[in-house]
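All chains are identified by letter, namely A, B, C and D, in their written order; residue positions are counted from 1 within each chain.
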């Protein structure tokens, strides 16, 4: 039964051009460039954001900063939702909650958002962050996020 | 990668008598009896609580009350953590967050808690609630919960 | 500045008959009757739910059950939002998060929901629970909740 | 009663040198420098983090990025807890939940963490973010955070 809950349904995107739409929007987020974050997988209802280790995103002990971890989790979840939207809609984060389960130690963080429920107005996403180093992979954060779809407001315009 | 996050590690319980310990503790919760809730599976790090439909646990539209859904999610998560504890420890909920994704319509609700991280002091649990009716199964709530272990305080004594 | 955040704006209800509308809806929730919960203050954007101590709402140590605490917090928050809605709208909980800060010991619990932001679609509410006994008052839980307004669906009809 | 919940108790810090200890630790967080964030008020159990507007912390519409908002909220809350700790303890975020109630538009964001409950092991903090511009002040985010105190591990050493 854990599996049933964890294995998300396959989603059919409303916009076949969802992948360039996600990648274009991500590229227009200066804060992601400031951090050095990039996009990984962009699938319908599932998006990864990757953060390579760099001193500029660390805290006082030299590990990835928890705020950086939260920021890429928020973005991965937001684009997981956005990937299922029609082309003329944009996305806003309503709220998110994240548990930090292990320190962010490693060569890179990978945040993955997976849509749990795609509603007309609200989308619920599960977000997980892993720290990768060499062959190891530590599950360092997990949470859920709620997003709202705003129709008739292309993401490209403020 | 979604799978890696979702498929929890196999846990070895510190107390081989974890199952009767969980069932005994659950049986001493009057509120669960008031609601008519029972225990389902009790495995190491994974516990189910089942709530059969009854008018007494409904809201104004005749569906399962969201508060009842939250209560069995809290209990399923708490016992998932407790199942991994040594025999002389008790558990307290630190916090939980739950997204209600669909109304609680059906013959019964099944709340399942699955441990994501078992630390010495804190345990993090993912909780999901499904509504079952006939052959259908709707994923109606999902959340995460943080619990604290209190050593040297048997659960049987206040 | 803490005060500015904490002191909510004064809200003008869309429906002058908000109080009987809230009280009528609450009275139609069988789960609240099962628990023995009643309404306290019903003001625009601020609603209290009171739970007198009774063995039927306790956990294994004889205190108020955390699930009962969460249930009345959810209901207080939901009606705080609902109090600001027009007469032809109903409310659904999107999600809530609650920190349990102290055990529920006392003669009664008082859950209070206070609206932080009332949007056209979404309302955000802060929820606090106090345990009262004699002259003392312990702040035992605090959280936030998101609710959605569904227009054209009177709360009186499923 | 809302006031009672919202007006936090006055806290007596365990370490009279709490303010330089907080300011020193903050200064050792490279991610805060990357963002351009600075400390505002540092009082016992109450800490502000200020983020002046700069293109490098924005999203695709030119407003403050939600991830930047979350990051300064996390840090403000963490130091609010840390301000009450003894000198030989450090702090880790267990989890946080934040509702974004308005877009981050303005000259600067001010995140404020206020301790709700200071326990021996766990501290619970309420976090609010306001966007300030000219004379206006918009309450744009609110949440709660749980932190753990680690004794005998000076914050200055990893």
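Quick notes on this structure:
What we mean here is this: a residue touches a chain if its C-beta (ideal position, glycine included) is under 8 Å from a C-beta of that chain, and two chains touch if they have at least 3 such contacts.
All values reported here derive from a predicted model rather than from experimental measurement.
Touch-path distance (fewest steps) from subunit B to subunit C is 1. Distance between Cα centroids is largest for the pairing of subunit A with C. Here A-D and B-D are compared, and the pair linked by more C-beta contacts is A-D. Per-chain Cα centroids separate subunit A from subunit B by 27 Å.
Mean C-alpha positions place subunit A and subunit D at a centre distance of 23 Å. For the pair subunit B and subunit D, the distance between C-alpha centroids works out to 32 Å. For subunit C, residues that reach two or more other chains under the stated contact definition are 94-95, 97, 99, 124, 143-144, 146. If the chains shown are joined wherever they touch, the resulting network links each chain directly to all the rest.
Interface residues of subunit B facing subunit D in the complex, by the touch rule stated above, are 94-95, 97, 121-122, 124, 144, 146, 148. On the side of subunit A, the complex with subunit D involves touching residues 25, 28-31, 33-35, 55-63, 65-68, 70-72, 74-75, 78, 92-100, 103, 143, 155-158.
Interface residues of subunit C facing subunit D in the complex, by the touch rule stated above, are 1-8, 41, 46, 48, 97, 99, 101-102, 110, 112, 114, 116-117, 124, 126, 128, 130, 137, 139, 142-144, 146.
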